[in-house]
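To keep things clear, I will list the structure first and then write my remarks on it.
Each chain gets a letter, A, B, C and D, in the order it is written, and its residues are counted from 1.
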């Protein structure tokens, strides 16, 4: 039952995020926009490029969607509205999202096309930057909650949300999440205007629709992760728990989409340099900070 | 106990801050070492009555780290702190306008912190850690001007020498901890019997490496390529002193045989290094050789059974030698070199610096009433009073004589000759450091003997014969050095002394050459014996066959020939195994592993 | 108990496949893949033994972590050597690497 | 046959199948990705065997590790796409024999030994906690050693791989 409810919430969230993305790009709020685009995509022929690596080509959009859904499955919307409340949930989110990179790699290699391949390898490079800080940020979260279980992570923030408790970790995780969802300014794998859509370039029709859906679900899942890890999840006065989760998740998604619009796209080398020279030290500092606060508070 | 810990932590914090801020390195280093000085002085006052403070910090499971401030360690800590502080004061001037100041001052502070940790360590684990950190920081500081030619080699050489000898310390600690069941230092010193002898010998090796005793003395002179403040610190109170400190602290452990060995090694060093100092053509290298010699005298005192004499000499020598190095640094800045021929007359041009240098030098030689007189007197008396006096006393006297001679030679070279020299940058800071330490070198003599007695509860050895003989040797040496022209002083010994008696020992013979020889032997074994064995087996068989043909043309002929052919083919096969093809060798490795597994299983089943 | 036998059988077969790969491939990176498979088989066995025989001793899990570390090490060093080799010779084919010939 | 054995077996078969694919395909990227999925299936086996933390960790680490392997394959191979159907193997017979022998021996030992009764698994959260206690307690030295070793390997690998600068 709760699985169906979460799935419905996920789809609704993905739709709303698609609306938000359109708004952040064009400045116009068109509630029907995503539906129209989806219908158009599904109506079109799904062209297959010449000499693709068929297995990888077909599997990539599905893997992207599945990994995003799996990540969302362990994130609680309310104390009981969670598909699987794993004892290692916080780590599982990251494990599932690691396969986003694999999916993009497959989408890059599969069609046997230059732009797509460049974009796929680019994302691997981007991963080398963000993957370490994101795990370190999660480690600091788990330190405070004394558990990797996501419901306990939320419960640990009853007094003070983690965004205020460990602001450095919040910033690191937020930016890493943007990298992971390849949102601008970290949108190297799609790079509109430079690589003609990158990993998406060779996809069309229904396959492209699945890929777009996967990306939207990915953004929702990451926003939900930020909400659960740093903004106290369902906690909040007056409104029912699921409503707080929804509001916070959408707000995070809007913030992520908007933030990128005002920054030019970063080059690969810049992304790596920033993450390694600044991101990792900051993430370590955050762990240290949380450890000190925990020891002092005891 | 927090006070004693501050003595370590303050310089350490300074080093960390310097590296983090990368600004104001000199001020931070001054503040750190100054705070350390205050802390260790306070500690010394606190424990002066014979009290002892200790703290246990969490360390490895079952092996906590302990700090121990008792009179002995507190005194050593004070020596380190005083010298460290004034050397840093001096270095502020010395490093003015030079590059790499951040690295330099961070290294100096770290060095002082590591040395404080060493002297205040109450257990072997912490001592070992500090010992290694000293090695590391001295490597970094000696190699400070790593862009110059020969500097990296010298730093590596110093590191390797001391590291090699450090193996002795490791082994000794294993022996002691295994025997006593605790890592705390004081209980392990009660160890007796064969374990004590073994541990004592190993400790002696470690101390000889760090204190640059014959035959491991070569690295110290090469280490002179580091900046002069580094040399001053290295020689007076830190790296080199660590060896002597180790011997002084563990002297209750040492058995008579080890003591005799220590005394002989020290005496030999005092003699040989003194000769080297007499022959040196570079002021800093002369001082380095003299350091070896003075630590030789301390080891001799330990060997003679009077570690308190060694201790007071260590303290006095710390002040003296740092003052000498600081003076030589001023001359170096004035003339742009430390070669003695270029320094001629440098003293006359800078009389105040020369005064400080001369006071320290005369103190080193043992002229009353300067500090060196008292401490050297104590060492001589110890040597005369020891059961091995016939062996040790002449060595000690010779060392004293040579000390006087090379001090006089250095002073003479600096004073005679044309005086000139430009202004020196940062002279004020350098002068302050030099003045303070020279003052200490002069005055410490009045304070040291009573302090030594008070702190350790032992009597300083005394003896009229020793005093008279020592004074005679000192004055004779001074006269010799001042009056006898340089090139006639050493006679036939001059050439080997100039080479630093290197062929007699050193890293190259002890470490590098055996390793290289081993490698060569292995190579020879591989392409000589293995191949040759395979081939010569075939060849031998052929020879046998040929011989047998002579005796029996037909019958056995074919048999022998086929045997020879078979042997040769077998040899060829054996060679083919080494194809250099990774997959073949992997297959062999897998087969070997399988075979090993079978053998082990059978072995396990059999038991 | 059945599950233990299943896991051990899987471990055995995986090890065999990995050994075959390490021995039969001509390319350095492919050889590394075979080694990784063998290490994976070792991990399967370790987890199975921990789970079904000694779940109270966490040294078993600890050992799995160490094996994961070893895998990462193997990758790092292997690729380091591979890169150096590629720079020098333009290929990582192991049949061309005969410098160790006796 | 219990559900646990069934799941373990299912993921085990998947791991073996992907493991075989690694050496059957001539496309290097496919081969790296097959290894990835083989290792991920091993992680799923851990999950089936109730070692949750290790399973998740395995699944997470292998994704990155094997993707990096893929890019190195593409960098160093003449024909990463496997379009030329190049022969990439040697000493096939010996390898098959060695692999089969090893597998048979290991499986034989496993089948012939009496392992005794199976124990019950502790809950997942407790496992993570106890593993952490083990890591920071009894096995700390081992773990620290592993950490230092990996750092050394990183530096060494970089040093080996970095391009030699010409001396001035």
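Going forward, contacts are C-beta pairs under 8 Å (C-beta built on N, C-alpha and C of every residue); 3 or more make two chains touch, one makes a residue touch a chain.
Predicted, not measured: the structure shown is a model, and the values here were computed from it.
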item	value
Per Cα centroids, the chain farthest from chain C	B
Most heavily contacting chain pair (counted by C-beta pairs in contact)	C-D
Mean-CA-position distance for chain D and chain C (Å)	6
Distance from the mean Cα position of chain C to that of chain A, given in whole angstrom	32
Distance from chain C to chain B - Cα centre to Cα centre, in angstrom	46
Where chain A and chain D are represented by their mean Cα positions, the distance between them in whole Å	27
In chain B, residues with contacts to at least two other chains	583, 587, 590
Of all residues in chain C, the ones touching two or more other chains	19, 23-26, 95
All chain pairs that touch each other	A-D, B-C, B-D, C-D
Chain C residues within the chain B interface of the complex	19, 22-26, 31, 94-95, 97-102
Touch list for chain B against partner chain D, complex	61, 583-584, 587, 590-591, 594
Of chain D, residues touching chain B in the complex	90-91, 94-95, 98, 101-102, 105, 137, 140
Chain C-touching residues of chain D, taken from the complex the two chains share	1-2, 4-5, 8-9, 12-13, 15-16, 19-20, 22-23, 28, 31-32, 35, 38-39, 42, 45-46, 48-51, 53-54, 57-58, 61, 65, 68-69, 72-73, 75-78, 88-92, 94-96, 98-107, 110-111, 115-122, 127, 130-131, 133-135, 138-139, 142-143, 146, 149-150, 153-154, 156-161, 163
Residue ranges of chain C touching chain D (in the complex, touch as defined)	1-21, 23-30, 32-34, 36-37, 40, 43-44, 47-48, 50-56, 58-59, 61-62, 64-66, 68-69, 71-73, 75-77, 79-84, 86-87, 91-92, 95
